[in-house]
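When the chains are written out, they are named A, B and C in that same order, and each has its own residue count from 1.
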């Protein structure tokens, strides 16, 4: 999180593939939002609606879309400002290189295979037969269970739990407190007590997945729970046993997905959405915040509400609700008026 | 999670109390669902609605209810297929026996009493005066606070927190990340600041309870928070201070129960249900997913919605909501028509 | 949590600034609620609605408002019973003093500065350049990242994560499992994949904040996420990146606040409330349990519902909903009657 890097605008333009309008030799020492950037910092305009803030900014230079031409600051014009911003942040805040090696305080089983380019942090535990791939980092106080496998360039932040046999792909990032591979929640009532159904399946996390702090993804009863390539999961999310979460899915904080659901590629579940068991969410579907989803949602549609319905329908319901107390009075008035008409008629 | 066990069908029939229709000498090496089972595996049919899948399955044998008589595979006919499935899974995936002893990297206080048949994992912490009963396992990186007591056959998965003085019964399973006995959430505003009300009560977990990953159950202000025998709690559940959660209760993932609630025996709270403080949920009541429960719920009833109401009523409301936008138009049309009738009348 | 202290009523009256009605020499050995207090305990009546329970209580003495004059027990009359109760609980359950020093099993980086009056628990990790202030306690198995700063009298319970560079003020209490300073949830889709926007900002927790078990508060993308003085956060709460949570705010369990929100001073968000990104909650506003908040909420108002609206309006909607199925029938009947009137007219 430390700054310290500095670049000339010319060097930044090269790195970002940007057209520079301004002094190539000017030096900037950090990135900051438009409102807080100082005269030695570079800022960014990823959405034209902040043009006024950009005009008022004290930043030395602003990363802008190609068609933004006039600002007090120097301009770094690019095709895709948001992608360029990522590169800009990486330039000023490079990820420290992995320091290979096992911290002497870690407890690593003899049969665990730690790649010599991997690192295992202080007071971490790696159990029998676990495999840690090249350049992967096991954070301090993390637990990697027996026969679990981490691929290449995986980052476990401090205090992550990877249970026995869980398989994690490459370039996966897992934040502190996440628990991967706890037992699914499954019991059979035998007339006297809930008897636990053993959860003997696995959990597979594919490449380029990120999982947030204190989230929990359960192992399968049999077979595998799967989170597919490129999916991003926020903090405090629950994914039940035997779910198949597709590619490039977004699960926002506090989403809960019950067992055996299928979430299609590129679906987006906003904060606090809940999905009942055995539900299929189609590819690209969007569920807005706090939706409760008892049934399947078609691909590509936007749904909302409890129970969830197409968002247009739900919005009409929400608008109608506002009129409901008044509507009841109007119906009562109508009943009176109709009664009068009927009485006069009679 | 490793397989490796193999059994003849005759041996399985004996172990399950099943009637075998087929070759008693045939060997099977694992359990799998109907769709994925191979010819050396045994599968199961716990619900007749999957009969077609059972007919199409390549499994060597299928565990079935007694009245299922004809399938391509050999049959293991039992009275209670789901209970037999539990036994079947236990046969193929036996829990490894406890390896008694304290890992040399664990930090165990001198006055803690660890039964010689118990185990304490790598880098676990057991504080002054704590008691760990026979065959109980303290997972790696777990914390057992001062004077906390674990009974017999308790399993703390890695990285569990049992706070000071918490009492845990026998055969309790607690998953990674769970926090038992943190302070309840209680303050008194003194006109200038929220002042903390000390939380000096306890927490008692009775026998045969299971608690999911990253759940939190708070200690009482005074007295005890209690989770009674046989109750099963999923991941990311919150139980507030001074709650009394009855026997054989089911709390599904992300349920939140505020302080001083009483949850009756065998109640079921589905995912993301929220219960306000001081509420009583009657025995056997069911709250469907995402219910918001501001008031008491009678025993044996099924309630839904926000605010929660009897499910029949809530379903009628949900159905009515769909008609609401149209209803508003119909009322507007009625008003026009009645006005016309009135005008003609006048 | 251990009792053991005992006081005469005279000594308690002095300590609480109470008027004693009863025997100053009588000794009490603990605090208990009215229902369970025994004859050697002191109880409390913080709300007159429990007067009957107070009359039936076996307590030796009861802490009461000044205007409560007659009870079977001795009386400790005070101006503010709830504040006096806090003092009473502190007297019987004093916080143990910090035992300064670093546990030999902790992994502390050489460049970390641990105040000599601070304590670092068993198997905790403190990274390079971190600063732990006087009388602060780092719980067992906790992680304090590089250059993180804890002020004075901070208490990290066991197994807390303070990520790199996070700044924590004075007298802050953080419960087990909380994760402070994980990455915010931010990606830019480049047409093929969600690309991570580096989260290089910080997190600042001001004085007198308390944060519950397994909660997660993310660092900012740039700049700082801030939780201001005196704010109290319950278990399993999510606060997104770049939020500014004001002073003396209450966030009850399982609240989720998306990125870049501003929560005004003394606002109260009840259990399971969700707030969309970039929303401003005005000072002193109250959101009742399970509210879904897509838009700003004015200062001082009480809002409820999904989507949240002023509580009066939401309650009228909830009341109206109950009548909705019946209302639909009434409208149908009206339509029939109006049709008949129209037909007779024609």
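In this section, contacts are C-beta pairs under 8 Å (C-beta built on N, C-alpha and C of every residue); 3 or more make two chains touch, one makes a residue touch a chain.
Just so it is clear, the model here is predicted, and its values are computed rather than measured.
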Residue-number overlap at the chain A/chain B interface, same or different (half cut): different
Rigid-body rotation angle, chain C and chain A, from Cα fit (steps of 5°): 120
Length of the line joining the C-alpha centres of chain A and chain B, rounded to whole Å: 26
Touching two or more other chains - residue numbers and ranges from chain C: 123, 141, 159, 177, 214, 236, 254, 272, 306, 321, 324, 327, 331, 334, 338, 341
Chain C - residues contacting chain B, complex: 1-2, 31-33, 36, 80, 82-83, 85-86, 89-90, 92-93, 103, 105, 121-123, 140-141, 157-159, 173, 175-177, 208, 210, 212-214, 230, 232, 234-236, 248, 250, 252-254, 271-272, 289-290, 305-306, 318, 321-322, 324-325, 327-328, 331, 334-335, 338, 341-342, 345
For the chain A and chain B complex, residues of the former touching the latter: 105, 107, 123, 125, 127, 141, 143, 145, 147, 159, 161, 163-165, 177, 179, 182-183, 185, 187-190, 193-198, 200-202, 214-216, 218-219, 222-223, 236, 238, 240, 254, 256, 258, 272, 274, 276, 292, 294, 306-307, 309, 313, 316-317, 319-321, 323-324, 327, 330-331, 334, 337-338, 341, 344
